[in-house]
Each structure stands twice: as structure tokens, then as C-alpha cells.
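Dropping the structure in here first, questions after.
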């Protein structure tokens, strides 16, 4: 199944150019490391796209051939053109999976699909560490995971996370400084499936972590299109005689 | 509790002016009949507002003093100003309840809060009738209801209804012509609570029906603000020492 | 994936022996036709078991080698031994999928996993027909389905269906006589996944219907074990130093 | 509303008799302090019952006049008679609210209503502390609460908590030692409403804490009976003519 799934990893790609601390960890961009992780977990068709490409690398042709799109953005959410956001939005409602990573919680596309502010608490601290607990061990995104995942260094995100109640909650994070966070959340919108996964601050090597990669790979598999019939809307004749 | 709850019934109010068939059933507007229904069920503070008033009758002052807003619209969704939609949206996330009625499924405010197209099937047919079944008899919106409610004449709305999975599903409709519909749906967004209730086509006396009125009154009570602490977002110091 | 999934179809198998009308439609038992349907949809390892076999055909060895168990029962729920129910129950919590069909709603195993009475309304009528609507077109159990499925003759099941709120609701049935029913329902219990699917009265050829077979095959795929780590319970040492 | 709600606080009541450390904190039993907390929050009709009374203090007459039952048990779950558990179970399905506290997670009544093992991780450590975060600030059980509640000393309960997915998740706990827990969980079963609330170890003065008392009072209000029509089950005539 992973072989057939066409994945596009989208990355803003600005931090890597502007901040040495980020370029040091991700010299070729976060997207290349995320894509490598998917390939390491069996995905054969993985492309990438970044903000500064024409149409942000997300032409209609690219989206039409994408089964699952991953989204990492942070400092330049406002630079994403509304027309491209519309295009992605329509593809999600039409069945394309979407996996939103870390600071992508504030992207235009995520906020539009959620209908809320998607705000949260955050903190950067050198001594912080994160533990992600599996709260739904029967969920496909937990496949092959241990009971919890430890990340030695991560940015903290804390509740309240202003999202709609997830259809399914898979992971809850503990942070040393005293906070918790719903870190692995699933929703359905139209015919599309959306997975939000918290970790992935740009200054930490999180996307090299094999357990993190496994969660993302599981999330992509879970979000892959289902191919039910497209619902027909509008004026509808009765099937039963009404007289 | 109903006595303290400040309710505003918003109505587009255009059909009543333009279509004799509507004016005949609702000569003073749908909003007046909906408001009467709430008063009959114990609400003491019920105001109304319509599209053609200044600021659509929804000034910041009005919204600030509204605990629960009801919304009926249909032919003029596009005429609702985006700035007013923004204002309502912010109030909902901040705790104001919202009860969306019938064709309000296509209103700007509902689509924004849902993050989906909110599309559906529909049919007007003189012989159609609707039966709403309670599927959640432990839910406060089912309080005092029989097992099902019969409406002799109603417009049909059919699945698929393109909404996020409701947090709680209270009522499912049966239509004579062969369709079903999730007719009573609850969501939480931010600190606000949203109830969608299907019936209420403008040419039928649905809002005079006492069981319909009971559902709406229950929905308003359910959607009333909870008054938990407003979450604080942004940079957050550790409560535990991190060294 | 279907090739690797080991399926056991359990059937009470009493109606077929006692009622000519059932034997005429299912001369070799409901289980053989359900199993054929799974094979037709790509499952290579499909076994069967019936009530009147030793241990009801559900020895520990059989269950240990079963990834997903299907359950059809009706007139002899009380004859299922409690020790076998315990055995199945433990396997479900430990990860085995369970697909409960039609009158299996009243089986001991389903009631135990649900924690409710699982009661409902029902009616047999020669003129009844059923239409199942997909309400979650992004769900894997809707894969390859049209917007709705028509069954010309079926027994009616009507709400209220006394189940816990499904984690996911995929199908809602319409019946000609005026009822609706939550016909395709998903739950997680422990590490196991449970799908209830309504149709399948013993006097109708429902399990020969290819769309019904597709739903069941999708349900089995959905319910297959996930293989997350088995949670460890009990006394637990701190990972962080507590001094 | 609180005035009209008839509450019964049930307590096992054995620790208080056998362990000096418990008797010191709760000399008159946990139930008396929990009941005092409810009275302090506006409940006028609060009774108590303990295991060692005849019928465990839960005669049919007592249950018939109880709107919401609270349940604290730990060391003597096995001593609760099955016939009394049946009686409570039927009352819950028929509409009585149930609030299960702390170690009540392993009570017969909770396990029966959940359909799972209800197992979890735990730890007693003098340096442990707990912070409960509100993750659903639009939920009535969060009414009047701050963003989080701190408890200086509590027993740890950690995930995985083997419960069905809560219909609504209100509170998530952080523990200093590295764990998280779904601490405020809501379900509907039949016409009854169930709230599980984690804190309340018998050696700590948790039930004197006013914020804890507020959560419990909110939970009781939330769980109070709704009084929808009792569903009728069984053979059901068509409402529509079927010929």
C-alpha cells in the first residue's frame, strides 16, 4: 500500500536559509529529512515542494497526483497565497490526505479546515523534554509503537490547544515543565482525512528520530484516500414514489 | 437558568418580504415566531435582529450582551458582511452559543466554524414528510421529547451532509422519499457551543410546532456559555523548575 | 494485506437446521456464504466455526490464530458458554478484531463489550425495504461504496439502538415503514476494534449481495489488529527523578 | 437545579476503619467530606451510603430516589454483591447519573458499563504532584474552573487507561514523574450519563480542595437525568403503510 501512495512533503523552507542553527541540523531543508523518513518506512513515491517555488510547488497538477500532503510551516504562514490555500482545501475535501506537522498548527490551511484559532501555549527551553504517550493502542497510527516515545529536546506546546474535538486522539504529550498536549489528533473533513502531529521544532533533530518517523509514516497511511463515491449534492429526486 | 439567558434570534428576513407564500405563514417574520417559541418555553430575555438593520442588527454591543445567538438565513447568505461574520465568529470562540437553523447550514458563519462545504441534498415536494428520531436519549437536547417527532410537511435534506463529525448526534431524520439526515448535531469550538437543527422551511409552519420549539429551547440551554477560564495562549513559563 | 489476515466466521447455525425457509436460502449455513463473500473480496485465509462444534469451534488455538472474528447469532445466544465468551472477550481486548452482524447485537460478547442492553425495535414485513446511506465518505469502511445501498427485502431494525455512542458512524439505514438505524458503527476496546453491521436477516439472500459483501470485507480490513505495544499496567516507577 | 437534584454518595468505607493514615484525614469517612463538598456547592439533597450497610445502603427505594450516584471504592470491590451491581446498572441505563471517583475505576459497576478492563498504571510517591489541565473549556464540567488545577500530593495514575474512548474528554492530568492521564471523562449509556474523575487518594485531603469539589459538583449537574422519553424496544408496527 505504501508503494502506491503518492506523497508530497511541503515545507516553508525559510528558517533553513536564515538561521544557522537550523541550517546546521537540516542543511538541505526539513522537507528532505521528512521525505527520507517516509522512504525509510516504505514509501516509494515521495516528492517535495517549498514556499519559494512557483505556486509554492503546489500546482494543480502536483496536487492532483498527490494522495497525501504533509505541511511544515512557521515564520511565513502569511506568505502562502490564498489561491493556493483554496486549491489545497478543495483537494482535501475531495479526498487528499493532509498531515500537519508542529508549527503548521498556525497555517492558513489548518485553521481553515478546523474552523478555530488553533492557538496554544509554547516555550523554548534547553532543559525541556517531551514524552508522548499512546492513549489509543487500537489505532492504526499506533502501529508498531512502544507505550511512549521520549524526545530529549523539544519545544513545549501546552493546552489549551484551540482545535475542534479530535475525531480520534492517539497521542498525548507530557512536558517536563508541567504541561500536557494533545499531540496526535485525527479528523475527517469531506472525503479527506487529516492528522496533526506535534513534534518537530526546527532546531532539534526530531525528524531523524525513527519513532517520530514511524508515527508520520503511520499517519500518512491512515490519511490515504479511501475512494468512496463522491457525494452528489443539490436538488434530489425521490427514490420512493411520494403519492 | 432560562430566565438569565440572553437570547438573540437572527433572521435574514427577505423571503417574508418577497414571497407571498412565506408572508402568509410568517407575516411578522420567522424570527418573531422563533422568539415566541422560546418565550413559551421559559426564556425571558429574547431579542431579534434581521439582515436589513444597520450592522445586520448585530452590533458589538448586541453581541456582547447575547449568550446564545440563533441564525436563520437562506437566499441572501452572500449579503452578510464579512466584518459581521468575523465579529460573530470571535464571540462564538469566546463563549457565545450559536444555534443554526435549517438553511443556515449554508451561512458564512456556519461554514467558517465547520471548515467544510456544509453541502447536502434537498427536495421540495408537497407529499414529503419528516420523522426525527432521538438517537441520544441521555442528551439534554432530548429532554422532554418523545421517541420521535413527526412533521407532516417539510423540505427534505439528505445525506451526505458535509459537516465535521458531530461531537454529539442527537436526532436523525427519516424522509418519506427515501433519505436520512443528521438533523440535530452538536459541536464545541473554542469556548463556544454550536447546535445545528434541521427543520424550518420558510413555507411551512414548522416553528409553531411545540415539539420543534422544545428542541430549539433545549438547544439554547445546551449552548449557553459555560464560563470556564479563558485560556491564555502564547509564550508560557515553566511551572516546574527545569534545571 | 487481505491475504495475510486470518479470518474466522462464527455462526450459530441453528436456524438453517430448523427452518426450511432459511435452509432454502443458506443450505450450507450463513457462515459459508459470508466466508465466500470474503474470499471473493481477496481474503485468502477464511475459516468457519459454529455453535454446535466442540467449544463452539472457538478453542484457544483457533482464537490465537484469528485476526478478525465475525459473529452471527440469533435464536441461541443463551447457549453460548460463558467461558467461551470470556475467551473471545480477552482476545478482543488484546487486539483481535470483531465484526458483529445483524442479530448478533444481542449476543453475550457484544453486550459485554458495549456495556449496554443493545436493544432495538424490529419488524418483519414482506414489503419492507432498506436503504443504507454513507454518512462518512472519508472512512475506510466506505471504500468503493456508492452513496447508498438498496436492499429490496430486509428485516427492519429501528432506533433507539441502545449502544454506546459509536466512535465512528459510517452508515445510517432508512426503512420504508418510517424508521432509521445506525447500521455501520465502529468502536475501539482495549487494543481491539469492533464493527457492527446491521443487515443480514436469515430468510433473505443479503449475504449474496456484493455491496453487502464489500462492506463486510472493508469492516474486516478496518478491524484487523494494529500491533501497537501491549500496555503494561500496575505499579509503575517514575521515569523522572522525583526529588 | 442543584436544589432539586437528589444525590447519594456511596463509599466503600473500609480504609477509614483499618488504616490510621486514612482515618486521620477522613475520620468520618470519605463520603462525608465528598457530601459536604456538594452541599458547599449548592446541593440540598445529599445522602450517603456505605458498603457495610444492609444492601450496601443501596436498596431499590434509595436508588429510585437518587438522581445522581457517586462511587468511591478500592480495597473491597469484590465484596460488592452482584445483585446490587445489577440494580445500579439498570438504574443508570434508565437515567440515573453516575460519578465514579478515583479508584472506583476498578469497581464492578464501572467495568460493566465500560466493557473494558479499566486498568491503568499507578504509583504512590511522597514527592508526586498532579496538575489537571482543562482541554475542553466549552464543557459544563469546566464551568468556573481555572486553566489548570494543582494538587500538591496525589497518587499517580498513568496511561494507558483501558476505557472506551470518552464521548467527551474534559481534563488531562500531568504528573511530575513523567505520566499523563485522561482524568475527566464523560460517557452516555442508555439514558444515563457517567462522569469519571481521577483524583482522590484516601491518604490525601483531596476532597477538601475547593477546585476538586467544584469539578465534582459540575459533574453531578452534568450527569443529572435528562428525562427524555424511555425508548420502547421490540416488535414495532410500521407508521407508514407498507403496501
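Chains: A, B, C and D, in written order; residue numbering restarts at 1 for each.
As a convention for this text, a residue touches a chain if its C-beta (ideal position, glycine included) is under 8 Å from a C-beta of that chain, and two chains touch if they have at least 3 such contacts.
All figures in this text were calculated on a predicted structure; none of them were measured in a lab.
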item: Pair with more cross-chain C-beta pairs in contact, given B-C and B-D; value: B-D
item: Centroid-based (C-alpha) most distant chain relative to chain D; value: A
item: Rigid-body rotation angle, chain D and chain C, from Cα fit (steps of 5°); value: 180
item: Whole-Å separation of chain centres (CA-atom averages), chain B against chain D; value: 33
item: Euclidean distance of C-alpha centroids - chain B vs chain C, Å; value: 36
item: Shared interface positions of chain A, touching two or more other chains; value: 131, 134, 136-137, 147, 158-160, 165, 167-168, 176, 178-179, 188-190, 231-232, 239-240
item: Of chain C, residues touching chain A in the complex; value: 1, 95, 131, 134, 136-140, 142-147, 150, 167-168, 176, 188-193, 226-232, 239-240
item: Parts of chain A lying in touch with chain D, wherever the complex brings them together; value: 131, 133-137, 147, 158-161, 165, 168-169, 172-175, 178-180, 182
item: Residue ranges of chain C touching chain D (in the complex, touch as defined); value: 93, 112-117, 119-123, 125, 127-128, 156, 158-160, 162, 164-165, 167, 176-179, 187-190, 231-240, 242-243
